[in-house]
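What follows is one structure encoded as structure tokens, with my remarks underneath.
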Amino acid sequence: MSERGALKLLVNTWRGRFGLAVLAISTFVAIFGTLIAPYNPEASSLDVLQAPSFSHLLGTTENGADVFSQLLVGTRVSMLVGFAAALISAVLGSLVGIASGYFGGWTDRILDSMENWFLVIPTLPLMIVLARLLNPSLTVLIVVIGLTSWAGTGRIVRSQVLTLRERAFVERARALGASDTYIIRTHILPNTLPLIFANTVLIIAVAILSEAALSFLGLGDPTRISWGTMLENAFQSGAPSAGAWWYVIPPGLAITILVLGVSLLGFVFEEYINPRLREQS
Amino acid sequence: MSRLLEVSGLRVEHRGRPIVDGVDFTLERGEALGLAGESGCGKTTTALALMKILPAGLKQAGGIILRPPGVEEQINIDRRTEAGMQVVRWRHISLVFQGAMNSLDPVQHIDTQIAEVIRLHEPGVGSKEVSARIGELLTTVGLTPALGRRYAHQLSGGQRQRVMIALALACRPSLVIADEPTTALDVVMQAQVLQLLERLREQLGLALILISHDLGVLAETCERIAVMYAGKIVETGPVGTVFAAPQHPYTKRLLDSLPVIGGTRGLATPIPGGPPDPGNPPDGCAFHPRCPYSTDRCLGDPALREVAPKQSAACHFAPWAEWPTVVPAASAVEVDG
Amino acid sequence: MSGRWLAGKVAAAVLTLVFVIIFNFFLFRVMGDPTTQLARLPRATPQEIVKLRAQYGLDKPLIGQFIDNVGDTARLDLGVSQRSREQVWDEIKAALPWTLLLVGTGTLIATLLGSWMGVVAATRRGQRTDNGFLGFSLFTYASPEYWIGIILILVFAVWLPIFPSGLQETPGVVFSGFPAQALDVAKHLVLPATAMTLMLLGQYFLIMRSSMVDVLTEDFIAVKRATGLPWGRVVRRHAVPNALLPLVTLSAIQFGAVVGGAITIETIFSWPGLGELTFQAINDKDYPVLQGTFLIFSFGVILANLAADCLYFALDPRVQSK
């Protein structure tokens, strides 16, 4: 994989540019959101459910807090959970995929049926059960999402490793007496990494959506504001029926744009690895 | 005999570049014409143009007139609209596609697919007659009618090719174009399919355009032959005459490259160099960069003209009384491995 | 032979289900030990707890408990809801039809509409319709379905009060007959089913589009066109049936998402199905109900996967002869 080719694809396509821009802005807001927020996002006031004005750009919540400030501050949780959970999922998926593809035999049979099981079982109910049994916190969210979303990566890595294992350079290394760890480190992993990377980018998007859904269902970290908890609070306080569009639309739109941006980046990487996809679009 | 097909000045362009560049030929009823040439010379494109089924992006021009027996007026294919062509296709001209392995719908029974074309072009035919016709067609091509209840994947390559021929005959057309009908088959199967085509032509009186890169295949089946190079016909004439005394260096080289079983020539001599980039042929005679006899004259366009009785060639030096034995070394510019 | 292929699929489904039951049992026993729950009962004396433990069979060894659990599950005895004190299975039984109605309507419309859009886009590749559909499906892919549900409420229940914003029927109304009730339910179904459809539409569209794009380049499509078949009929009779095959397999992947959508969308619209039941159980920490809905959701998805396999089997003659 030549980095320059991937970079070209990122900069020269509108999808790549859009994704990069969204990622850059979101990262900035995630880091400095607390500093640029005009109000304390949790400070309540008597201006309850106010429509947008110059003092409150996106109006106020049911407690009179500033929606815009909450939106800025909430970016951090979405990004953090998305990236951290995707990282766990990538590590788990790669480990399982490489082990099952490289060693084959019973290892493969057991790990592969585990993957199958996780692929079939509906993810959200599984996450709900796990998150409910543990007590909601940021760590729990990250671990639960990471633990339940690795199977797809595992499946893809496994099939890549299966083809790599038969390739001449691996066979040669094995014939020369190289150890399994050596072969995996020097031959298998470097050739699988681009695939893992592209897949992980797509998992980030899924993880962001999962965090939002869990938080929306009341399984988020109660001490932190995220876009999901904003939607939960808005819904629970009856903001939709009150017509408080300024409270309801921004968090969902923020999720949509971030997920869209990250997904588009993932698609660009995926296309780069598998040029057949390019002909389809 | 009477004239069935008249093609004049047929051109096919891709983004302004000619793939087929001014092809003229005629075909009598019941005649078999062989279209020869290396891949990329425009044979298949010519076939598709005759039915007006070129892929999007290719534009065709030039006269194509069909006079099927039993039809009062001649059919001006070049002036027909898409809807107008739909009643001509398969009813009057059918095509056995190259690579028939994937030419059948994988999720429909064979007989359903044959019945579809019969019903399409002859809506009045009852279902009993349709199934009788299908059985007859399958028998004609040497298959048992029971095979009709099968799917494509349940047939062998040879059986599929026969089904494609049966499909081509389904509406009793007066012209069948067969595009490399034997390339994907083994030698025994090749011979069988060729014999089948020959027999059917005699029995049904249909005209045949057989497209092949293999002159041996054409020699067995065809009466007349047209050799194409870079989108143009460079030589045409009766098979016997052309094979005995080719009048274009390209034909000569093609014939030389035929392996002769039990012959004295031993190994076949391949033509040096590759066919020119389709749509971007060299100036003048397109063959001159690969021609061992080329001179400065070859930079001028050679016309296809009659050089012997019934035999035409597009070579400045035709007719060739005899072929020079010494091959000038300088002209063999590139020899690919 | 064909019978073995199907038998294999059934066996795999049963095995998956067995693992769900094992997982479910140990997860809730290990992480949500009912005794800790019981210990939280405010006025429970140690004697009462011992009694309760015996009553629930918690004094037996773990394996014994598990065997009991499997037996109970087989008899549809899923325990008692901690909130309502009703049998969990009864609650599930009451909620299931509502979920099936919502999920069925949404999936049906999404499949039909998505396939149609896929066919249209694939035959007009790169044109405005294609690009429009692609953009739309990307948007619905990226946006949370419950947020779309909230927007639907905002637009069609608050700003333009056309449809009710929640529940399955108008409360407190005595219906004159079944047609009147059905009409009322249908009115309540419109918004949640639309949210469900929008959630699934993009994926079905993308699958169908790429499948059609592949099929349209196949040789047999060119042959069918050469036979004089009008293009529309080539697409309908030959391209679409072949393109539907991958749609059937790939849509099986969607079943998990369908269940996820059922939970959030039912929550938004207070639709009294399994999703709403799950949401209540989350808030009340009602473990038996949570366990029961997880089981039934998994069972549903496994069953739907099996059904998709069977459908594929019926549609593709190439599988049958393998």
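Letters are used for the chains, namely A, B and C, taken in the order the chains are written, and counting of residues starts over at 1 for each.
Basically, a contact is a pair of C-beta atoms (placed from the backbone, for glycine too) under 8 Å apart; a residue touches a chain by one contact, two chains touch by 3 or more.
Since the model is a prediction, treat every value here as computed from it, not as a measurement.
Chains touching both chain A and chain C: none.
Compared with chain A, the chain whose C-alpha mean position is the greatest distance off is B. Chain A and chain C have CA centres that are 22 Å apart. As a whole-number value, the distance joining the C-alpha centres of chain B and chain C reads 55 Å.
Residue positions of chain B in touch with at least two other chains are not found. Residues 12, 15-16, 19-20, 27-28, 31-32, 134, 138-139, 141-144, 146-148, 150-151, 153-154, 157-159, 165, 210, 213-214, 253, 255-256, 259-260, 263-264, 267-268, 278-279, 282-283, 285, 287, 290-291, 293-294, 297-298, 301-302, 305 of chain C are the ones touching chain A in the complex.
Across the complex, chain B is touched by residues 218-220, 222-230, 237-238, 241-242, 245, 315-318, 321 of chain C.
Those residues of chain A whose C-beta lies close enough to touch chain C in the complex are 113, 116-117, 119-126, 128-130, 132-134, 205, 209, 212-213, 216-219, 231, 234-235, 240-243, 245, 248-249, 251-253, 255-257, 259-260, 263-264, 280-281.
Interface of chain B with chain C (complex): residues 51, 53, 83, 85-91, 94-95, 97, 99-108, 116-117, 120-121, 151, 153-154, 164, 167.
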